[in-house]
Amino acid sequence: MPPELRRVHGWIGFGLLLAAGVAVPLLTNDSYHLDVATVTLRSLLLTMGLRYVMSTGQLNMAHVSFMGIAAYASALLVTRAGWSFWAALPVAPLLAALAAVPVGRVALRVSGPYYFLISFAFLEVLRLVFNNFFVDYLGGPSGLVEIPPPHPLPLTGGAVTFTSKLAQYWLMLVLFLASAAVLIRLEFSRFGLVNGAIRQGELLAETLGVNVARYKLGAFVLAAFFAGVAGVFFAHSQRVLHSSDFGLEPMVLLVAFTVMGGVGSVWGPVVGTLVLAVASELLRELHHYEILVYGLVLMVVMLFFPDGLVALPGRVARRFGRGRAKDGASTLGAGLAP
Amino acid sequence: MPIELLIQALLNGFGLAVVYVLVALGLTLIFSILEVINFAHGEFYMLGGFAAYYLFAVGGLNYFATLVLAVLLVGLAGVLAERLVFRHLRGKTLNAFIVSLGLLWVLQATAQLSFGVLDKSVPSAVSGIVRVGGVIVSRERLFVILTAVALISGLYLFLKFTRTGQAMRAMAQDADAAALQGVNIELVSALGFGIGCALAGAAGALLAPIFAVSPTMGALPVVKAFIIIIVGGMGSLPGAVLGGLLLGAVEGVGTLFMSSAAVNILGFLMVIAILLLRPRGLLGAA
Amino acid sequence: MLLELRDVGKRFGGLQAVAAVSMTVTAGTIHGLIGPNGAGKSTVFNLITGVLPLTSGEIRFKGERISTLRPSEICRRGIARTFQATTLFREFTVLDNVMAASHLGAERGFVRTLLATTAYRVREAAALARARDVLGAVRLLDAAGLRAGALPHRDQRALSLAMVLATGADLVILDEPLAGLTTQESEDAMTALRALRAGGKTILLVEHDMRAVMGLCDVITVLDHGVRIAEGMPRDIQANPAVIEAYLGAEDTRA
């Protein structure tokens, strides 16, 4: 896709997300549906962040750990240090990002499958810390409870409280849209281009002048920040934190959503999360069948669409168009890859 | 500290670790031949456990026959998995990982639907204890250790002296060169995957009488297996044995001094240390 | 003297791949590096571009010691290379491949990127223009929207060269640029390389096509078994008995 069209593509996509996000509360008032929508947005924020770091070829299994760090940090800042939620909201993700610097640096020293393994080790260590250490602060195996919701915001016409599902939905939507705006903007800029180049050929990128280590660390830290944003919201909407929220099961779900959608495009997580969220709702009653179907879907998609579902239009277009796309007139499908 | 206590702790640690080494060997064998990390490996361990349950506890079959059958059945399942699924993913580690994740869910869910969620116990096959000085070992544990060592030795001999075994080692070194030298890649891949899974199944069947059998029983051993092969070196079979011995020693002695939660962390700290100091593992290839 | 290798050595465990190699590349020349298979030519390229660390000796570029720099830093200073097996960003379009290369040195500016400031837009436009120029120079502009992986071999090689040029490097290192090309395509490539030299670039290449090497290079360095055995003008190299011996000797062992 020619660079001039790239930014437009990004804004159109963002516009669609904005429209869909705003449409939800207009279409439904039901508490349950709003909750599902909120959780979906939260998952989307997590998967878009994960996808950003994976776009540089780093399969970071510790992504939820940074969500956890910010979640516990925010909970403690509010309950122990008396901070307002609104002060903790920017600070806790920053703390997660700061923690990501040494972890990311260490992980960068190994490559390929070892990277996956060392980040997995970090995931487990942090989960064990959340579960068994600093019990006075983190709550131990029974979890950290009684976390207050976001403090009321004084606005014209009275204070806005955040105890209702509707208010929480709007808060999550704002957080999501702000984060998505940054991630989309980056994707359609030279950062996205260089990230994709790194994923396709690290050595080539390095010999062409790209300081691969610095880009990878940057992506790692940025993803951790956005995981932290999701974590802060999680802490004050769930109001209970437990180490299992930040362990292998949720992490593996995120990876599945992200890879199934496709790591090569910023819209991949959107496709993956929506598909699996819909499937999850449809299968809600049959818990064991749900897992079975998830598993089958995952296997089938990855075997037949190794680049993820988002690459499907591209492959179809290529099969019929035979790559005849010219500069400036590429089909939408062929141009979906960044 | 009395020396017997230390030896007892080490023995307990080793006794468990040697079985985890079987699982780890299977995992690393598969990785070395196909360059695939099979996240569903623990499910084959679980299948071995359930095979033991149905054949021995329910069916009343002789325990030795049970072990042999369990190993064969799980090995067959492994070959099927390779032929149907993993042969398309040779070398594509990320995709294979996601597919194996899907496989894990499929096997897990199927197991829970077929066998129910609850633990099932399998009676002991061997009873009695052996006492050496101040150290006590149950005959059952001793049997497990000896069988595991026998299997590990069998694997070593197979890889070193048989044509197929050597073909597997050749593929592990360089699959393209092996193909050029006439190695039947498809056959060796299928067999390798089958043997890897069979080892996990053997471990599951061996530990079935000692721990309960449940659909989720594969989760812990596979994590231990990962620790072992990272420490020992991915793709290195002697590395897996060494890694297992280290883990067994560390965890065995660790339980003397700290809570089990802290002991669990030790393994991961070993992983991080190894990945920092010598990422390829103690005996891994550069 | 643009590039200088002083007593460069590289050891892999027990194997001395390259030993005490000294070489100078003069600016504005086409410099050939030849030798039988296994002579260490690719290793030398990897050492110059920082892909492998030196075991001994040093390498200077424009007078500055580059032996300890990482490859991206070396590229920033003006050296870029192609690889023997054509390496491209296969999923990207042709244009994106070159754009990735023209974003050299643009690392700072995260906030500027986010806000799409004027400075950012100006730099983006400049990178795009440079990319288009370079594609025009290798005659791939029409293919700009095609997926790189779908290109025919000859065009993939041209794209590799375009990416190298897009970095703005002064010293262009080419690993077997004529491999797999037909006679006509080789002629065209050689003309293109001479044009690059005329434009002020310095070229260091490894090539097995002797006719091309002799016709193209101003200076040739010959390696055998990791050691430099000759250096000079094509005419002298062709007549050099040590060089002939090295190639004939290699042929004997092959027979």
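Annotations
Every chain is named by a letter (A, B and C) in the order it is written, and numbering of its residues begins at 1.
Everything below uses one rule, namely that a residue touches a chain if its C-beta (ideal position, glycine included) is under 8 Å from a C-beta of that chain, and two chains touch if they have at least 3 such contacts.
Note that this is a predicted model, so its numbers are computed, not measured.
Measuring from the average of all protein CA coordinates, the nearest chain centre is that of A. Ranking every chain by how far its Cα centroid lies from the centroid of chain A, the top place goes to C.
Rounded to whole angstrom, the centroid-to-centroid distance between chain A and chain C, based on C-alpha atoms, equals 40 Å.
Distance between chain A and chain B, defined via averaged C-alpha coordinates, is recorded as 33 Å.
Distance between chain centres (mean CA atoms), chain B to chain C: 48 Å. The touching residues of chain A, counted against chain C in their complex, run 1-3, 7, 182, 185-186, 189-191, 193-194, 196-197, 200-201, 203-212, 214-215, 218, 264, 318, 323, 325-330, 334, 337-338.
Against chain B, in their complex, chain A makes its touches with residues 59, 106, 109-110, 112-114, 116-118, 120-122, 124-125, 128-129, 131-132, 252, 255-256, 259-260, 288-289, 291-292, 294-299, 302-303, 306. Looking at the complex, you find that chain B touches chain A at residues 31, 37, 85, 88-89, 92-95, 97-99, 101-110, 112-113, 223, 226, 230, 234, 259, 261-262, 264-265, 268-269, 271-272, 275-276, 279.
Contacts from chain C toward chain A in the complex involve residues 49, 51, 70-73, 75-76, 80-81, 83, 87-93, 95-96, 99-101, 103-107, 110, 113-114, 116, 120, 124, 127-128, 141-142, 144-147, 150, 163-164, 167.
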